[in-house]
Amino acid sequence: MTVLTRARRLALLAGGLGLALAASGCATAEEAGVDEGTGAGTGTDVTGAEIDCSQFDQFGDSLDGTEVEVYTSIVTPEDQPFKDTFEPFTECTGITVNYNGTKQFEAQLPVRVQSGNAPDIAFLPQPGLLEQMVSTGEVAAAPEAVAQNVEEHFSEDWRDYGSVDGTLYAAPLGANVKSFVWYSPSAFEEAGYEVPQTWDELIALTDQIVQDNPDTKPWCAGIGSGEATGWPATDWLEDVVLHELGPEVYDQWIAHEIPFNDPRIVAALDRVGSILRNPDYVNGGFGDVASIATTTFQDAGIPITQGNCWLHRQASFYQANWPEGTEVAEDGDVFAFPFPQIGESAGKTVVGGGEFVAAFADRPEVQALQYYLSTPEWANLKAQATGPGWLSANTGLELDNLTSPIDQLAAEQLQDESVTFRFDASDLMPAAVGAAAEWRELTAWIAAGQDTQTTLDNIEAAWPAS
Amino acid sequence: MDWLLDADSTAHKLALMVVAVLAFVVVMGVILFAVDKPKRVPTWLVVAGFVGPALLLVTIGLVYPALNTLWLSLKSPDGSSFVGLDNYQQVFTSDNLQLVLRNTVLWVVLVPLISTAFGLIYAYLVDRTRFESLAKALIFLPMAISGVAAGLIWRFVYEYRPDQPGIEQIGLLNQLLVWLGLEPYQFLLHQPWNTFFLIVVMIWINAGFAMTVLSASIKAISDDIVEAARLDGASSFQMFRSVTVPSIRPALVVVLTTVAISTLKVFDIVYVMTGGQFGTSVVASEFYSQSFRQFNQGLGAALAVLLFVLVIPIIVYNVRQMRLAEEVR
Amino acid sequence: MSGQTDTSRVVTNPTGEIESRPRKLSRAEKRAIAAKNRLSSPAASVIALLIAALWTVPTLGLLITSFRVESDIQTDGWWNAFARPLFTGYNYVSALETGLGDNFVNTLVITIPAVVIPITLALLAAYAFAWIPFRGRELLFVAVFALQVVPLQVTLIPLLSLYVDLGIDGSFWTVWLSHTMFGLPLAIFLLHNFMKDVPASLVEAARMDGAGHVTVFFKVLLPLLVPAIAAFGVFQFLWVWNDLLIALTFAGGDATPLTSAIADLAGTRNNAWYLLAPGAFLAMAVPLAVFLGLQRFFVRGLLAGSVKG
């Protein structure tokens, strides 16, 4: 608590600086969102947690005093819970874990690997990158102990996403669910709206909102994300493809067994367009259809809290973007419902993402850490350490350890065997498509009104010949 | 040896820094002492002492990687097989290229000219005034800002919000438009104007560079020339046109060249603000995207070679200027 | 310094437009002239003010934003902070709480040698290119200057591979070396320009007196180049200070510089992008201080003054 008091004192001091800027009121700690219990770092302290040390005996007795470098794109403040969960591990084994996080990760990792300077372990945010790294020949296959854990605690789908050509290389780490539509339960209750279960109900609700609220738009969206501008639009398309055409077609689409501009995909994108390109439906709080292209994804849902928008499709991790003090709960200020099913044939499905633990070395201490990260024990510790905003596809993860209702809802979907999970398609396609052409063309589709067929033809043309 | 390579405590790092600087001083001292014997040492050895260390370093650090890039540009995306000129063919047949080249030319022409003009006028106007130091710091400020922060700053200038009740503008320019009774405008969206709005950011950053170098040059103009012109009754504008500008002409060429080359290489402004979308990409941003996002090393290398080619006119211009200067001397 | 050259030779004028020969001015006359030049024309003042305002307002916006409450930042423009003021230092506290101290030390340790070494080497090389006649001089100079266009990114893999082979990867040495390599072409190019501007008569006179090149370099040229060195020093300092690519690629986690730590403040998915604003101002303080500190070396007339002796 001394930290907080010091923080407050500093806040007052710095607030005084603000005061000097203009003779004015300065924000109280509450107004600035300094109050305890909000924001990041609200997990429980797990650094002293007891774990079963005997499980590391299988990695030999030369672990003490060794070091393992973990290289990742997960940076402050999300890195602290990771570091905390390493402490019980270090306590047991004597292995020091050097956590090295940078947002330049995705550009830097290939440079390091190609220069012979690969880290021991990297957290890869997409299977596409795993495949890329495996093709360099530097990635070590997952050790037997890890493979067993993955077999036991992860679904077959997740196991496949960590494998290349049938060999398991990387155990899944964290997960998120992308098929969510955010809304305001309190606003819905006031207006008497029900959460839609099907696509038709969703459109009917949208029309209802248009009718009832001439001053606002039902949907808000934003695909701006700096260099990655366009990715939220790919998520929209993936949601419709999976929920309408089902996992089989979805997989064929990723594997390029059907072309990117298959007539069914054209129809799916047109369906996305029936919302995103409908001037009556978008873009609440931000302007016309084109404004979707320049609105950043971080801002895109905020109008819901300001009464300028009703619906916003975005992943479970969007919970971190709500302004301080927004209550995320089924009866709170904001919450999310699962992306509705389109037709009957597709079954219950969900699109999501996650990270994978790839190792570039096979030293015992590296394998011990890989093993630790694939245990349910670690997943539960990590969930406790993080508080709201983290979950894993590990079936041993206890829902009680998740403090945020949206994390619980997401984890329920991941653990529900009747729900088919599929990884974000653009993360599985070649980078020239999934991290370039698709972003570029969908952005033009929104910003410049480029027609659907041309858009998909252009993406198809970018598919690398092989 | 370990002590030299693995510094992790603050004191250790600082000590290592001092050791490095001292080691450098000693090495250079020895080299210079060795060549400082006029008459007895042949000229080539003196030249080697002066130029050698720098040449050695740029050969390792830049020439070798540049040749390597040339070689990679002839190979497949992952560098495994030789594909001849395929990458170049791909570059030159892409529909995108014309646009990318047009944008690049716009950047390379406008940024140096305008930022140098602003830097020069400003350096001249504030020269020898009471507030010179502060005034110059204000223009210099953008240089001190990292790329990420610059993107953020300009977001609060260009950001668009619709003009409707209950919604406030966040971008300064759109607020000005609204105050003037006009519609807010999507500055970063509409081609080709969005490229100009991005160029403004680069000008904003580079004017400080131009101002600082040109100011140092202006101060190096001999007092006597200035005083003579003044005694002849030259007005401020005449002074500027017929004394200041001609006297610092070499510096102007240097500034234009430097800014032009750094503009050729710039990709982070485009990358941070539009991601190269909406028809704003330039050769450097395409290069970065191919090499580090799409993992197509071959194509990325070919684009880098295109950058080398684009700089040739600038080099030719400089060589001609140098020849002219030699003649004057 | 020989210092025997007379004034009229020093001002061998490059323009041919000023024909009157200068005469020695009294101190009072000089002061009167200096005073006259102080933005005497109102038009000049207006233009200067206008440029200053255009250049400063965007930054001012971010400065004010950095003191605003997050929800305000997202709802309305920073200029509203004047009408309905609500300021907080919380953003700064959050930024500082992440512990930027280590990163600050790293940046400092990286920056100082990475400024001193390339400038020294560049000065020596620029001297040779300007004042030692040798065969292939012009060609070599043009080649070095053309190297400016090599994008940093293409050098990363070849250089890092080399460092790994040498076994020095991950140390500060690689960062200093790399910054030196990348800074040299521009440094040589710029300093060469200033070097060349020194009147030939000065160098020739010293050479006549039997001074070697090393002596001429240290005794004649270096004192005259102080403003140029200060100016370029500021830039090299800035580039190194604001760089994140080189330190990240070559030195790894232990040497993470301030820039990278600040870029990471925004969080993995940029949720806390508003923390970038205070971060930017914290990172800017030192370069700005260096600029203001070095400004006194940009003093007027160093060249002419020293020549007059």
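First chain written, first letter: the chains are A, B and C, and each begins at residue 1.
Simple rule for what comes next: a residue touches a chain if its C-beta (ideal position, glycine included) is under 8 Å from a C-beta of that chain, and two chains touch if they have at least 3 such contacts.
All figures in this text were calculated on a predicted structure; none of them were measured in a lab.
Among the chains in view, B has its Cα centre nearest the centre of the complete protein Cα set. The chain with its Cα centre farthest from the Cα centre of chain B is A. Distance from the chain A centre to the chain C centre is 41 Å, each centre being the mean of its Cα atoms. Centroid to centroid, with C-alpha atoms defining each point, chain A and chain B lie 37 Å apart.
Measuring from the averaged C-alpha position of chain B to that of chain C gives a distance of 12 Å.
Each of residues 292 in chain B touches at least two other chains.
Of all residues in chain C, those touching 2 or more other chains are 74-75, 170, 244, 263, 273, listed in ascending order. In chain A, 225, 306 are the positions where the chain touches two or more neighbouring chains simultaneously. Across the interface of their complex, chain A is touched by residues 64, 67, 69-71, 74-75, 81-82, 85-90, 92-93, 96-98, 156-157, 160-161, 163-165, 169-170, 244-245, 248-249, 252-253, 256, 260, 263-273 of chain C.
Contact residues of chain A toward chain B in the complex are 106-107, 110, 132, 135, 215, 225-230, 285-288, 290-291, 293-294, 306-308, 431-432, 435-436, 439-440, 443-444, 447-448, 464.
Against chain A, the residues of chain B that register as touching in their complex are 77-78, 151, 160-162, 164-167, 184, 186, 188-189, 271-278, 289, 292-296. Against chain C, the residues of chain A that register as touching in their complex are 3, 7, 10-19, 21-22, 24-27, 29, 31-34, 40, 69, 73-78, 98-104, 108, 111-112, 114-117, 225, 296, 298-299, 302, 306, 317, 320-321, 323-324.
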